[in-house]
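Handing you a structure now.
In order of appearance the chains are A, B, C and D, and numbering begins at 1 in each one.
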Amino acid sequence: MKVKLEKKHAIDAPPAAAWSVLRDLNVLAECMPGASITGQTGDNEYTGKVSVKVGPVQSVFGGTIQVTGIDESNYTMKLDAKGKDQSGTSNASMQLTASVQAGEGGGCELVGNSEIKVMGKMANFGGRMIDGVADQLISQFLANFSDRVLAAGEGEAAAEAAQRVAEQPKELNALALLWGMIIGFLRRLFGSKESS
Amino acid sequence: MIPANFDFHAPASVAEALSLLAEHGDGAKVLAGGHSLLPMMKMRFAAPQHLIDLNGIADLRGIKREGDTLVIGAMTTENQIIASDLLAADCPLLPEAARQIADPQVRNRGTIGGDICHGDPANDLPAVTMAADATYVLQGSNGERHVHSADFFLGSFYTAMEPDEILTSIRIPAAKGVTGSAYVKLKRKIGDWATAAAAVQLTLNGGKCSEIRIALTNLAPTAVRVAAAEEALKGQPIDDALIEVAAEHAMAASDPTADLRGDVEYKTQMAGEMTRRAIRQSLARAGG
Amino acid sequence: MATPAEQVQDPVGGVGCSRKRKEDARFIQGKGNYTDDLKLPGQVFGAFVRSPIAHGRVVSINKEPALAHPGVFAVLTAEDLKPLNLHWMPTLAGDTQMVLADGKVCFQQQEVAFVIAEDRYVAADAVELVEVEYEELPVITDARQAMSADAPVIREDLEGKTEGAHGERVHHNHIFRWDVGDAAATDKVFASAPLTVSEDISYQRVHPCPLETCGCVSDFDKIKGELTVYLTSQAPHVVRTVVSMLSGIPESKVHVIAPDIGGGFGNKVGVYPGYVCAIVGSIVLGRPVKWIETRVENLAATAFARDYHMRGELAADEEGRVQALRVHVLADHGAFDACADPSKFPAGLFSIVTGSYDIPTAFARVDGVYSNKAPGGVAYRCSFRVTEASYLIERMMDVLAQKLGIDPAEIRSRNFIRAEQFPYTSCLGWEYDSGDYHTAMQQALEAVDYEGLRKEQAEKRAKGDLMGIGVAFFTEIVGAGPTKNCDILGIGMVDSCEIRVHPTGSAIARLGTKSQGQGHETTYAQIIATELGIPSDDIQIEEGDTATAPYGLGTYGSRSTPVGGAAAARAARKVKDKARKIAAAMMEVSPADLEWDVDRFVVKSLPDQSRTIKEIALAAYQHLPEGLEQGLEAVEYYDPPNFTYPFGAYICVVDIDRFTGEVKIRRFYALDDCGTRINPMIIEGQVHGGLTESLGIALGQELAFDEDGNILSASFMDYFMPTAVETPHWETDFTVTPSPHHPIGAKGVGESPNVGGVSAISNAVIDAFAHQGVTHMQMPHTAYAVWKQINALGLNK
Amino acid sequence: MAKKLISMTVNGQAHDVAVEPRELLIHTLRERLSLTGSHIGCETSHCGACTVDFNGESVKSCTMLAVQADGAEILTVEGLASDGTLHPVQEGFVEKHGLQCGFCTPGMMVRAYRLLQENPNPSEEEIRVGLSGNLCRCTGYQNIVRAVQYAADKMSAE
């Protein structure tokens, strides 16, 4: 089961600021709800885990992340992530290409293309949820990312963003309200999704 | 198909349940009818460390009328809803929908509260209670609060309920005037989840639609109200052209997930068709 | 509808009467004894670690965390089975299959490790503790892509092998090519035929899905060196032979018992990794090991059916008389060829594909291919691949009818084999034993007022409504089978019956078949009752215990009545022959002077001189004249001279909601001719059940996969199972054309309704669109699929 | 997790058993009380083979915890007959050939038993809907409907 997600997210900050968050996997991982880097096994290889909680469903995926390309001149980063859940009954992988592009009025735009593949029990029985969950995760990721970039800036907006970063929930489920607001909004404005 | 182990708690009161919930926090899960949660636990998608069974709390069961409001305890089973004379008279939409949920055995266990709190877009009662203009009563350690059904569902399996809260009752305004309602559900077979379903409740006044609510099941990440359709019909005599307008709005409000039951196009089209049928039936029942 | 003869109360409850079932008493009181009901002293429980991916290498398995879990006794992997040479096992189709993943996995939910623990709760916990690392490989789930040049190699163990069990392999994912008929002659007819039609017709992957899943309890007695296995098997004797071959334990020390079985429908023919692992576990631990599938495992891993992708072509004249049939099939067998067919028939009896029609020339080719899906390919409530064949020809007859503007019933009548042509040899080599197709079809058309229905349909069409009338006629080929054609692993497909008449006149009969709900304890007793005059109530039937029953190949392919039933009748006749001699001695007359009357031998010229079977039975255990041995018993091993060929005419009427695509079966009429009718009540029940299964297949069932090999219908949440509400009222009817070669003229009926039902329902759905030029729609005809057709035609506007 | 001691009355007989909280009621009935008449067919509460009568209501015992049955009155197929006399539902299943392999039969009959308490004179449609939580793979339901009608007639005549 594959879910393809294409997202664009405008950020009111210079491209270089966004790129500094994007290129640092440790910081980047913190933007992902429930995700963390647990170790570094090579120059561009890391181990990490993601805890996903959807309603009563709770699952912890552990695996490897490989940064397969960093293009400083085009602010583009590519990574492959692979993992399996703790019970060994589901596998998941993600290929992501993300780049920072110049936006309007000195701002920038984060452009992400990802393909998420899910195998095993999650795909067998959770298929109807995967679409929505992937979408939710990415949307939240984008919001967190944006906050981190903004927090590095100055002024009131930066302070507010820093506050949100500090309060950023560890898992997806606790940010229901916020999520509820952004999901429909983002999907209509930026999102297009395709699943197979 | 064996659940992981857990500690079991069977509180006798809401207060006791809330204190257990506060004590065990994130590792606790509330058990109502169990026909969503237990299968998930058996498949090991869910593995709470503490299960707090609400079945022993008598206060959470029963259907009564308080003035113009019907109050349904959250642990009232679907079969109790079907059997209720009060609902048959004052909110027939609810028993009509309950009859279309699962099967007789499941309806003996399945509760209105569980159906709503689970936040599953495929569950029937979220859309139905939305169409019935319901308000949910939540109790938590900080007391009681009321959340309108239209504001409760935030995403797939995401609701406005806080982890330390319990849904205690559902409050529905009793039908007034010339009303008609219908829940029309397209499904592969009896008891199955909706491929698409529409709940409609409307009031006629002098041949015109004075009030209407339309909500859809399993056509978006949550049950959805089709506000644009409601606006279009309100204050009008409902004719075929307006029904068509409502169906178009229902389709526009749909954002379904493709599965074996249908692709996005089919489900979207069925959102329209179920809406047409539900409005027509409601009109017929209202004598319009 | 019952004939006057059937309404008469039979004096011994014998053939032709609708007596109540003898087995019911235990089932209605909760005293059935199914495999999972067993609880042996010291019993432990086994459960599988299964692959979450559909294709990949097993990089590592760490079983230590599971072994450290309290209550866990053992964790078996392929490495543990290797020294015993049990990590792979032979399949019934001449292939081999991994018992536990040996270096790689080839389908999702494949067995990777077997955890044995004190009970199923602990086992379930420990399964999650076994750590397996996989490396994913590209996946094939569509048979049509299996033989593309860049397709991944699914079976590396066969790489480079150009010869399989059934001849040449033309691709690394190719299993076999099976050609039947005269290709050149067929091509020639097509080249010059006035008219040809062709259609791509798939029969989707489905599952037999008995309500009881598969399972076993294996018990090894170390001291005696004896292995006892209780299991859900339709063919316990074959399992005993396979277990002996695999384990090296002499067959005399392997005891297989099939207790009550909660439905089989083909799912319980094969030998599964669970059986092997439980057996190994019980030998290793010296304790009984139980393994019971979950429903998910059942749907995902054991014995699918169909998955045939067919191209059918007919050549005909302008009057619709078929001149030739050409068929090519791509058969998806999954990752291992574990298809349950007679060994020489890799595509089963698919060559019955000329159906009920007198088609002079035909050619069929079947290519079997591997895919990353579960192994199987069983005959789900049909004789081997007969449903697929029947569906193909019944669809093609409609396609031809449509092309010519001839009514579907009429085109069938024009092509039927005529009554006077029987016994009839088809161009693909089968000798049809008996039939009267025109009479059956006529009776069916009249019963439903076919003309009236067509008139109504025309009116409905004028209004834009969608109504379909499905006509289907089928001829089955069942009762495998003659040993000259049929064997499994080299053992001829005979079946057997042993009858012992006790001194007081009651009897016990043991057979090599195994009922899974068909009512053998009743119908076999009826056959013997009629032959021997012993009331069927006094005849005990036993099956399923290899220690007591004579060897038989089991129950599937509607073979119980044609083979087992024949053995019962003939064993009874052997008993009767001896009874005649004893009676003659008792009355001091010559055996030739006696004639049989219901339950006694009567002296021909002296009707008041007689001896009942009861009297004879007692005498059989007393002093007898010289030359007569005591006892009254016999054994028969029956090798049928031919298959039997049940047939039927089915008509289905559907109404389709043109806005939602929902199909409603308004009426279904089934006329079956199964030859001599043993118990009309049971026949009717079999027809009801088979039709309900066919409804499930035609309208909703599919083992669906996504492109990555995830199974999407692995529970009853997603796999369509009709309830009493979706199931219509079935109308049944019959004609009787006895089989000339069967001892009592019976042909078998259990599977006919599944064969004919699918065609009738599918034809009905497609017929609803025939006026729009639609010639075919793929099953299953779900509301969604039908709506797509409606929408494409704009009929929902 | 500590076991819990529960008491329940099954087919009129009191039982005290100690169970893990996660133990499913069907397993308690089948494996601790050796009442193997109720079966497991699907595990996702679709097939109804595990149906038992629980405090006067039909439930699916594979989707209930044994601890939830503390203090409950349960009736299984083994308790349908009384004093050696078959219940009319059991009689009906034999008379009308309402069973074949017998696996769904206990759950089907226990549900039919309750259906006839709820509605002593059901129409064919009401019987079909009333049994919609029980799957049968063998009979095609038609003879099950007849069996229930037989029982309804017999019970109303009594």
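In this section, a contact is a pair of C-beta atoms (placed from the backbone, for glycine too) under 8 Å apart; a residue touches a chain by one contact, two chains touch by 3 or more.
All values derive from a computational prediction rather than experimental measurement.
Taking each chain's centre as the mean of its C-alpha atoms, the one that lies farthest from the centre of subunit B is C.
The mean-CA centres of subunit A and subunit C are about 51 angstrom from one another, to the nearest whole unit. Subunit A and subunit B have Cα centroids lying 32 Å from one another. Rounded to whole angstrom units, the spacing between the C-alpha centres of subunit A and subunit D is 50.
Centre to centre, using the average C-alpha position, subunit B and subunit D are separated by 29 Å. Contact with two or more other chains is made by residues 20, 22, 43-44, 129, 132-134 of subunit D.
Counting partners per residue, subunit B has 1-2, 4-5, 41, 44, 103, 190-191, 259 as the residues that reach two or more other chains. Looking at subunit A, one finds that residues 87, 89, 121, 125, 127 touch two or more other chains. Every pair of chains meeting the touch criterion is listed here: A-B, A-C, B-C, B-D, C-D. Interface of subunit D with subunit B (complex): residues 1-2, 4, 20-22, 24, 43-45, 48, 51, 54, 57-60, 63-65, 67-68, 70, 111, 115, 129-130, 132-134. Residues 54-59, 87, 89, 121, 125-129, 131-133, 136, 173-174, 176-177, 179-180, 183, 187, 195 of subunit A are the ones that touch subunit B when the two sit in their complex.
On subunit C, the positions that touch subunit A within their shared complex are 49-50, 52-54, 108, 128, 130-132, 134, 136, 296, 300, 706-712, 714-715, 717. Note for the complex: subunit A touches subunit C at residues 1-2, 84, 86-91, 117-121, 123-125, 127, 196. Interface residues of subunit D facing subunit C in the complex, by the touch rule stated above, are 20, 22-23, 27, 30-31, 34-44, 46-47, 49, 76-78, 80-81, 86, 90, 93-95, 97, 99-106, 109, 127-129, 131-145.
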